[in-house]
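The structures come next, written out as structure tokens.
Each of the next two complexes has subunit A plus one more chain, namely subunit B in the first and subunit C in the second.
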Partner chain A sequence: MRDLSAARQGPYVAASPLVRPLSPMTRLLLRGGADARAAALAALGLPFTDTACRAVCASGRAGLWLGPDERLLLAPQSQLMELSERLSAALAGRAHSLVDVTHRQCALEVSGPQAGVLLNCGCPLDLDPSAFPVGMCTRTVLAKAEIVLWRTGEHSFHLEVWRSFAAYVSKVLAQAARELTA
Partner chain B sequence: MSPTLRTPSGGRINRARTVRFTFDGRELRGFEGDTLASALLANGVHLVGRSFKYHRPRGVLTAGPEEPNALVAIRRDAVRVTPNLRATEVELYEGLTAHSQNRWPSLKLDVGAVNGLLSPFIPAGFYYKTFMWPRRAWKRLYEPRIRAAAGLGRAPEHPDPDSYSNRFAHCDVLVVGGGPAGLAAAHAAAESGARVILCDEQPQLGGSLLCEQDPGAALEDGAWLARTIAGLMAHPRVTVLTRTTAFGYFPHNLLGLEQRLTDHLAQPDPAQPRERQWQVRAREVVLATGAIERPLVFPGNDRPGIMLAGAARSYLNRYGVLAGRRAVLVTVSDEAYRCALDLHRAGTPVAAIIDVRPQVAGELPEAARRAGLPVHTGTTVVGTAGRLRVKSIRIRKLDAHGEPRGAVERIACDLVLMSGGHTPSAHLFSQSRGKLHWNEALQAFLPGESPERARCAGACRGIFSAAAARRDGENAGTLAARDAGLVVGAVIGEPALGPAHGAAASGELPQPAGRPVSKAFVDWQNDVTSRDLLLAAREGFRSIEHIKRYTTTGMATDQGKTSNLNALAIVARQIGKPIPEVGLTTFRMPYTPVTFGGFAGYSRGELFDPVRTTPIHDWAAGKGAVFEDVGLWKRARYFPRPGESMHAAVTRECQAVRAHCGLFDGSTLGKIEVVGKDAVTFMNRLYINGWTSLAVGRCRYGILLRDDGFIYDDGVVARIAEDRFHVTTTTGGAARVLAMMEDYLQTEWPDLSVWLTSTTEQWAVIAVQGPSARQVLEGLVQDVDLSAAALPHMSVAPGRICGVPMRLFRVSFTGELGFEINVPADFGQAVWEAVYEAGRPHGITPYGTEAMHVLRAEKGYIIVGQDTDGTVTPDDAGLAWAVGARKPDFVGKRALERPAMHSPQRKQLVGLLTAEPHVVLEEGAQVVLDARAAPPTRPIGHVTSSYYSATLGRSIALALVRGGRARMGQTLYVPTPRGNLAVQVTSPIFYDPKGSRQNA
Partner chain C sequence: MLLINCPYCGERPELEFVHGGQAHIARPGSPAECSDQQWADYLYRRDNIKGVHAERWRHTHGCGRFFNALRDTTSDQFLATYKIGEQPPVPAQAQPRKATA
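So, the complex of A and B:
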């Protein structure tokens, strides 16, 4: 029998100067009370925070605040099994929902001094660092698609896009990038 | 180019760069920095268009966006032709090709001008009164003829080849208008540290100062203008957008700006967008939109060569163009004397200054007298002459009562300049729902309090002098920055309103009593005269909104920028009411017309909407699949072999599933993971089914109702664990079902410990259906016993396939033995290919949605939205068995208990078999009782699904029929264009009613 466990194929992403697809990663969506959230972040070695629209990250893992009881947990691809088990143990007995959404979405990085301007071609949020500082994350839209936007640096953003919208989002960004680079 | 019409020096044009252009095929020259209008005037061309209704020759009236006459088409190439551009705003570029509009065969000889002769017979409301009878003629004769004759310019016939861009921006202070007030406001706000966006529709900043010979003198500060502009351009927190029109003011300080990027370039880069539409969200807005000069209303006031005084001044000082060789100024205010003085200085003879006011003694009129200009006070204009260009003007002295009594005097001239005072531009303020108040002293509507966080500055709120406007702008900019939360310095306070120029709001010049006034135009673009307005008032119209619609005044593309106040004043006088009581019409966006492309932005072609594809899409495309749109998804509809018709392909695919094995991409199905200790309670309350008894590892067909008791969605639900359900929805229903679930969870049952997560895109779904399905999978699946005993119909098991983790469902939407393999999406294509390879010895055949529809219809499985329409209960659809009768409640339960929901006469789902087995009914066809029934007849039902079933060798149909289940065996009729077809009512399950195949 063939072993296809390495035969992953992500969605199409259009290439453009400021945008690059990030390699596959593990994604778990956590919903639950304060105790569950604290336990999960601790199990991942992440500092605890309940600040709205803020991400915490440490050693390649991140926890993104997406709602009062909702965290998107990101980790390297290889850690899915390990983290699922560790989280199950840490969350046992605490009311929560943990769902693997690794394949539901993919990640793009938008970076460069014009990154914010490029995103504002389709994202209505104020991306000035005073309004959207490094570490801020939120659900928003890019043109007609929903995305999760996370500012990872002054000039870099991490976008989480549902996989069937990745082609559209990357093509919109590629078209908009033509205006900026010309 | 006639050298005498350009001043020897001065202006803001670049005389070192000559620009060639054509107008109606005639080659002309202008300078860099010209507008099309200024360049035409420099060439002595005043006649630029024909009017809308009477086809009267028309010239350039203004020098700005308010222009009603000089509408032209600009042609770049065969497909880039833009109609209805205002020549006063079109920047000249090398090779520009402009055409006049609304004339045939030529601008100078226009057949449509016969309408002008008929004008006494085409008064306001002519169309409403005339083309009423006979009724039939409207569609065939009147409307086509009127439409053919109407319209300004031609709509482009080709798709727009240009691209357009979109940009969102935020700022502390948005300043609209780059004149003295706007520049000062932007500067003051930026100095306070505010993030500022300054936009102006002109290519250069300066606003009204661009029309001054010496802006420094007007400002009482020589260096301010250059210093301020340079400071703003260099400021890191300031974005300056020129050629950018703020066209709309939307709630919560959202403004739409249209930035024109390439229209002024001779050779635009085709890769660059033509326009960029900005949506700016501002904490504070400063409107510094200036004022628009009003024309005067007198007979023959529309001939080419008659223009606004301020426009002539702008052409002279900004473009170095003399608009005529012998000028007459007609005015009701002091301000316009500036124009006469400027023209005089430039060497244009001023034949007369006609001032309606009996006494004139201001500083400017005195200067005119000192310069030797003939000032006729207490005088009116009673007519003009000249066919394609004004040649003379007729004036009469007014008596002590303001009646024209004196002898008619004729003054030869080729330029008539008129000034009826200024109207503050309150368009955007009014769009923001700000109320305007009448100011008697200024004879103008001025902005009051804004409901938005906005303030006005400068001429748009009645502060007319440049120096005062600048102070007002500085004050407004400082206050805006303060209100945006910044620390500001001293507030200088606002200057006084004015000066009042003494002009009455009404631009109507006195005319002899007793004779109707003809051809005294109020609205140039829609050809509305004072007589039309008086007629409307006489016919009983009182509301200005009604008069506007009846006469069409102010309804042209210029939205009455030059005409509204004159129209209002004329109506007010006629019906004897003060102007503020007659009221104002509503200002609507856009301020000036905006290209459709600007609104579309990126949403064109392949980016019109997201195109969602499944992980298996590329494989299907490679196999030549024909796709159909389902919501935003592309789904494979059928897989034709070379030369195969759709019917043949679908037949082949159906037969393969029934005989061997089919492979189907179900990835688009909505999937929701319902997790938490109260998950089963949640499912019990939401779906009609009982879930408590569903064991882990088993599936159930679930039905979701709205609270009105009608079917909203359906799908298979699997219990993965005690506290975890894998819920599937229809493809189109995925988002709305999740939204409905969240709605109930958050608002009705916040006490439940349960959470919802969309997993639609987490899983690729590969359906393997048919008698050989088990054999196909046996060699691939690990950790799952596929036997009927271990994995019966409607069960689910975790496991692996080719090493990939999966959830394996034993379910069937075809009536055959079936499995649905759910694997993480990135593995979808690889697993699909492995299954396909393993299935080839078994005749595995990929099938699309069309075959899927036929197969499920053979089994009588409904499709929500096709066999249901929002009025179908579970019982209507034959699904009463699914209702968990013992449950205390579920969404829709109360509605289902209403007696009407149990009427035996409700439409019920049945099967229909045509008497002629090869006739396939049309979906949507009506069902009637009587073989001879002809329309109008009362249908008792309609066909919801209809196919040719290759398996059964005949057509089948599903239908909703009144009392249908009691009609089994009855013959009914389906009206078609070929006559009423006999059909027999049967069970909706046409194939394997006992279900032995799917349980195999």
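So, the complex of A and C:
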């Protein structure tokens, strides 16, 4: 039987120049009505938007639209306690659910002029900047895994990958990258 | 790849969606007053339409929302999608399948 302990030790495969793991961060998943969403974004110092599939970011924090009532809130790792308290205060009395998913997923960055082409090895979305502009974010699929894809620049994407899928996703990307750079 | 128009996210690849069965099936208001046959009909009996069918779909690997769709079961063509709670739009006539491209 294959020894899985090596995979357990390092969820990331040292992939390729195009793919790198991002440092740990704080992740909170918010669900709630318009008032709760507005209060939460304000508490994080983020501008409010309800536009589908768009992320807002300011001073190292980000709010990603995942669904009409669902936002993924990202912030630096050290801010978990502070932000949890601030959000609990801002959301008190408003119907909502706020879940700490910090350790459920990890982040990869795919960057370079070929980043979109690389992701299209397993992601069926049209990643041309005209169809998927900077600031657009969505849940989607990459090969057999579900990911959150966020375009942070013309040539850079932020991927949120569930922890147990990280090795798989980075290997799929590494394999495709070998083809691109061959 | 077949594109499905999610009412929240726009046109997205079929891979992100899951079919959710026939749409517009209302749960009986007082199940206790239903006969066994009525309850079984509600639970199990579905239309098997050749043509335009109202169905539930879920954008599972996207916004996660359920929505409804009118789909022609003979051509797999989506004629319209609309949010849960909305009335089905009157669909444009199903396009007859062309024999040649």
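Observations, loosely collected:
Going forward, the second predicted complex is superposed on the first by the 170 of 182 C-alpha atoms of A that agree within 3 Å, B and C clash if a C-alpha of one lies under 4 Å from a C-alpha of the other, contacts with A are read in each partner's own complex, and residues count from 1 in each chain.
Keep in mind that, in the parts below, a residue touches a chain if its C-beta (ideal position, glycine included) is under 8 Å from a C-beta of that chain, and two chains touch if they have at least 3 such contacts.
Since the model is a prediction, treat every value here as computed from it, not as a measurement.
Of the two partner chains placed around the shared chain by superposition, neither subunit B nor subunit C is touched by A:180. Set side by side, subunit B and subunit C differ in how many residues of subunit A they touch, and the one touching more is B. Of the two partner chains placed by the overlay, only subunit B lies in contact with A:144; subunit C stays clear of it. Applying the stated contact rule after C-alpha superposition, one finds that A:57 touches neither subunit B nor subunit C.
By the document's definition of touching, neither partner reaches A:22: not subunit B, not subunit C.
With both structures placed on the common chain, the touch criterion links A:66 to subunit C but leaves subunit B unconnected. Contacts of A:162 after superposition on the shared chain: subunit B is touched, whereas subunit C is not. By the touch criterion defined above, A:134 lies against neither subunit B nor subunit C after alignment on the C-alpha atoms of chain A. Contacts of A:125 after superposition on the shared chain: both subunit B and subunit C are touched.
Of the residues of subunit A, those at positions 124-125 touch subunit B in one of the two structures and subunit C in the other.
On subunit B, the positions that touch subunit A within their shared complex are 163, 165-170, 195, 269, 271-273, 276, 279, 281, 602-603, 606-607, 609-615, 632-633, 673, 675-677, 753-755, 757-763, 779-780, 782, 801-804, 824-831, 834.
Per the touch definition, subunit A reaches subunit C in the complex via residues 52-53, 66-68, 70, 124-125, 138-141, 146.
By the touch criterion stated above, subunit C contacts subunit A in their complex at residues 1, 8-10, 12-13, 15-16, 61-65. Those residues of subunit A lying in contact with subunit B across their complex are 1-5, 7-11, 24, 29, 31-32, 69, 95-105, 117, 120-126, 128, 131, 143-145, 162-165, 167-169, 171-172, 175-176, 178-179, 182.
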